[in-house]
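Paired with chain B in one complex and with chain C in the other, chain A is shared by the two complexes that follow.
Then we have the complex of A and B:
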């Protein structure tokens, strides 16, 4: 098959795949229905303070798998739903930020700076329109970068990296994630170490289950679902409960919004915000491609660059950034949305997740099987059909459809999602907790798995209490198995050379990079604390 | 292949005749847990799930497939220790778990600690190299190994690693043997150029048909379907083979009627290529081979003894 045939096959896998139902005798593709449902769910979740896209992805994944089963046909509908949530949540996050000064997601914080002043001026609908346009433009730009770059990254890796280099690359990724997430490299490294210890329990090559303390319960190790849902969701819910205990407030105490003046977004205004969207899209896309940095930094950087530009070109009398400038909303929303597509470059090209949303994409493919993200996926085999490559193009088709949904219906859903802002946390949190445990039990019907989830939840809560990000833990848990396997393989393939990590310049470069990353982050942290 | 199918059918016929009346009366006393000793998603997992689906359709039983992967099926065998013996717990693994996996004693189990039920197919195990290397025969491979760097060879199970080692030893070449994760992991490593060669258990067939991979040696005690001229291990001076069956087994002292009914019903499903499971076995493994009863027990006993000899030979 030629590359174009693969693209066509991917599109066909979505369009002519299993049908959800028939509309006037025409079958409606299941994957597209799932993408649509995912986007709507994502917008609603993003608009709800206290909830976030990865949370919804985590809860829905086990439920989707138990519904669709373990076969390759399930991959596109399940991934389509998850991608839909990922994209919808970024859009929805702007709603409470603009309307009520309460960001639905952490990266939407910068949106409040100009979005809320616009609302106070009676321009809330216009602000939402700007957020919608910017967010979807940034997202689409990022997806195009993904489609173009992922195959090249994969081909380069395939060509130049052997077992030792792949091991060194995984070490570099973990160091990078530890150093940049959460603001404290020391805590990041501890978080990574805890993740590795947890994933190494019960595994190994010997028959005796490693680190299991002779207990049957630990002999099989912790399943990835209990660890991730526990640390990410149960931990977050426990922390939210504690905050509620302290504040005893509800998140739905919202003031009445009154709009006045023209709410339309004129052509002149679109032209005015276009350069800010473009600039932020590039910034967000580049940041998204680096594992671990995430949307919050992208939003902050996009906003700062936008402000610098705005200061230079601001007409007389126009509001500055922070006073309700539509350019401010555009710069932030384009930046934080353009992270999502390029975040999948390391996932599809290297098999390495860069953020929580990407973790669930990897988790879905791992759980369902038949598709292993990584360099081998992009083998354009001519004589035998590489089904994984067809799936990748199917996934790209689903992403484009999600963008189309966002472009067309996204604005209307955003306005409808304002109702979610009033949902009280006291009602939401138990529902989230119940859904989480149900999701775990659906995947692994045993009481043990529920206890493990609770245990990891307490760990996640304690990590949050000491300001330690749980994300390095999660990514280390996901990558730990690959790290061990590739190290074992590198050791054997080099004839038992204990210095295999220093066997080539590329792997030495990666190792040096991992040390430098941590050292630089530590120095940066020290400088920051001295200045403070 | 037909000869072996006939043998399988004969063995099946024998076992069915002996236990037909016993099997007729048996129905599971509750929902069944069917362990699958492979991670979700691959061909081996699909095989188990499709058989479970067909059993549910044909007999109305409730079956929950549960993936219990690890250590070539030993983890699953351990998991089933102490499980109910009434036929509500059994699993699909490979025969290697019962012979090589238990032969060195570290597992604390012997084949007598499980109840063999029925095989579903014999894995088409072949020593495979990428066509891009230009090696057409095992002699070409040996010549290249003697001329250059040690060959990097993958193995998907410990038994295969030992046989690979002995094959290299007989040929007088050095090989760095690397464990890889399943057939897909092996193929990825071969295509990426991370490995030079390795024994694969059926996952390579499409690559061979497409001219991307070349089979150099048959790992089985019989010739390969796609490359019948490739030498057998015995031809290379290796007195062992890699006859690895996919097979169902249950906990020790399983109810005889349950064992017979399960053997009979699973055999009927896998030998019928109009079922999804039968079609999958035909497409991925070259067809089903259902051996049960005494024939299966005899195979396991012989393999267990041979596995001990293999370990001894590989450690010398």
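Then we have the complex of A and C:
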């Protein structure tokens, strides 16, 4: 098959795949229905303070797998739903930030700086329109970057990296994530180490399951679902509840919003914000391609660069950043939304998740089977059909459809989602917890798994409590098995050479990069502390 | 955070030492390197050894990271509040696990049935008893604890929400088991 045939096959897998129902005798593709449902869910979840896209992805994944089963046909509908949530949540996060000065997602914090002043000026609908346009533009730009870059990254990796280099690359990724997340390389390394220890329990090649303390409960190891949902979701719920205890429930004190003046977004205004959208889209896309950095930094950088530009070109009398400038909303929303597509470059190109949402994409493919994200996915085989490549192009089609939904209906859904801001957190968070337990049980029908989930939840809470990011833990848990297998294969392939990691310049370069990343982060930390 | 970091760093180093010198040597089947039929391969102990070494390095880095001596206090009250929340969740999970079989015991005692729970786990109302009571305890308990008072309205909302979850999760999916029915 030629590359164009693969693209056509991917589109066909979505359009002519299983139908959800018939509309006037025309079958409606299941994948497209799932993408649509995912986008709507994502916008609603993003608009609810205290909830986040990864929470919805975590809860829905086991339930979807139980419904669709473990077969390749389930991949596109399930991944379509998850990607819909990922894209919708970024859009929905702007709603409470603009209307109620409460960011729905952490990366929407910068949106409050100009979005809320606009609301106070009676321009909330205009602010929502700016957020919608910027967010969807950034997202679309990032997706295009993904479609172009991921195959090249994968092909380069496939061509130049063997087992030792792949092992070194995994070490580099983990070091990078440990060094850049959370602002403390020490805590990042502890988080990575705990994730690795957790995944190594009960594993190994010997008959005796290692580190199991001779118990049956630990002999099978911790399942990926209990560890990830526990640390990410249960931990977040416990921490949110503690924060709620500290302050009054913000969601119960909504102000009445009164709009006045023209709420339309004029052509002149679109042209005014276009350079900010473009600049932030590039920044967000570059940041998104690096594992672990995430949307919050992208939003902050996009905002700072936008402010610098605005200061240079601001006309007399126009509001500055922080005073209700539509350019401020555009710069932030374009930056945080343009992370989502490029975040999948390391996932699809290398099989390395860069953020929580990407972890669930990997988890979905890992659970369902038939698709292993990594360089081999992009092998354009002419003689034998590479079904994984067809699935990738199906996934790209689903992403494009999600963008189309966001472009066309996203604005209306954003306005409708304002009702979610009033959802009482005190009831909502325990519901999320119960749904998480239900989702874990759906995947692993044993009460033991719920106890493990709670245990990991307490660990996740404690990590958040001491300002240690749980994301390195999760990524280390996901990559730990691959790292060990890759090292075993590299060791065997080099004939038991103990220095296999130093067998090529590429792997030495990756290893040196791992050390340099941690050292630089440590020096930066010490400089910051000295200046403070 | 400064003193807290010292505690975390020290704890990480101590845990790493326990792992490296007690847990791994006592609890792995093979060492760092294994030789089987003249083939040398990586043993089961190598990966956890590297993980515990990373833990020690992380702890040591945390100890040498210079931090501003701003806040040294760790408030106990939030921990106690979260401890109470966890206790409510544990109570909810215990109810979820034992309520159904418990009710069956009572029914047997009154002579209403002599069937074991495993045979009833997919029949109404037995399949829902544990999930419903556990769910109400978790949602109602956590919401009441956070509000600082127990209200009939909260319990009612918890009941309605749990029924809603049953309708959302169990009714459309035939193969999906609600807790604790998969354990039987």
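The criterion applied here is as follows: the second predicted complex is superposed on the first by the 530 of 532 C-alpha atoms of A that agree within 3 Å, B and C clash if a C-alpha of one lies under 4 Å from a C-alpha of the other, contacts with A are read in each partner's own complex, and residues count from 1 in each chain.
In this section, a contact is a pair of C-beta atoms (placed from the backbone, for glycine too) under 8 Å apart; a residue touches a chain by one contact, two chains touch by 3 or more.
Everything numeric in this text was worked out from a predicted model, so none of it was measured.
K.L.:
Is A:383 contacted by the first partner chain B, the second partner chain C, both or neither?
P.N.:
first
K.L.:
For A:458, select first, second, both or neither according to whether it touches chain B, chain C, the two together, or no partner.
P.N.:
Only chain C is touched by A:458; chain B is not.
K.L.:
Scan A:71 for contacts with chain B and chain C and give back first, second, both or neither.
P.N.:
first
K.L.:
Output check: A:488 vs chain B and chain C. Expected answer is one of first, second, both, neither. What do you get?
P.N.:
both
K.L.:
Go through the superposed model and pick first if A:409 touches only chain B, second if only chain C, both, or neither.
P.N.:
In the superposed model, A:409 contacts neither chain B nor chain C.
K.L.:
So in the superposed three-chain picture, is A:370 touching just chain B, just chain C, both, or none of them (first/second/both/neither)?
P.N.:
In the superposition, A:370 touches chain B alone.
K.L.:
A:213 contacts which: chain B (first), chain C (second), both, neither?
P.N.:
second
K.L.:
Who wins on chain A residues touched, chain B or chain C?
P.N.:
Tallying touched residues of chain A, the top partner is C.
K.L.:
Residues of chain A that sit at the chain B interface in one complex and at the chain C interface in the other, please.
P.N.:
In the superposed arrangement, which is not itself an observed complex, chain A uses residues 205-208, 445, 488, 492, 496 for both chain B and chain C.
K.L.:
Quick check on the complex: what are the chain A residues that touch chain B?
P.N.:
Touching chain B from chain A are residues 69-72, 158, 162-163, 205-208, 219-220, 367-372, 374-376, 379, 381, 383-384, 445, 485, 488-489, 492-496.
K.L.:
Across the complex, what residues on chain B touch chain A?
P.N.:
So the residues of chain B in touch with chain A come to 39-42, 45-46, 49, 64, 70-71, 74-75, 78-79, 106-107, 150, 152, 174, 176-181, 184, 188-189, 191-192, 194-195, 206-207, 209-212.
K.L.:
Going by the contact rule set out above, which residues of chain A touch chain C in the complex?
P.N.:
The contact residues of chain A facing chain C are 63, 66-67, 178, 184-194, 196-197, 200, 203-208, 210-214, 238, 241-242, 244-246, 426-427, 429-431, 433-435, 437-438, 441-442, 445-447, 450-451, 454, 458, 461, 465-468, 480, 483-484, 487-488, 491-492, 496, 498, 518, 522, 525-526, 529-530, 532.
K.L.:
Residues of chain C touching chain A in their complex?
P.N.:
Touch residues, chain C against chain A: 1, 4-5, 8-9, 12, 16, 19, 23-24, 27-30, 33, 39-48, 50-52, 54-55, 57-63, 65-68, 78-79, 81-82, 85-86, 89-90, 93, 96-97, 131, 135, 138-139, 141-143, 146-147, 154, 157-158, 161-162, 165, 169, 172-173, 175-183.
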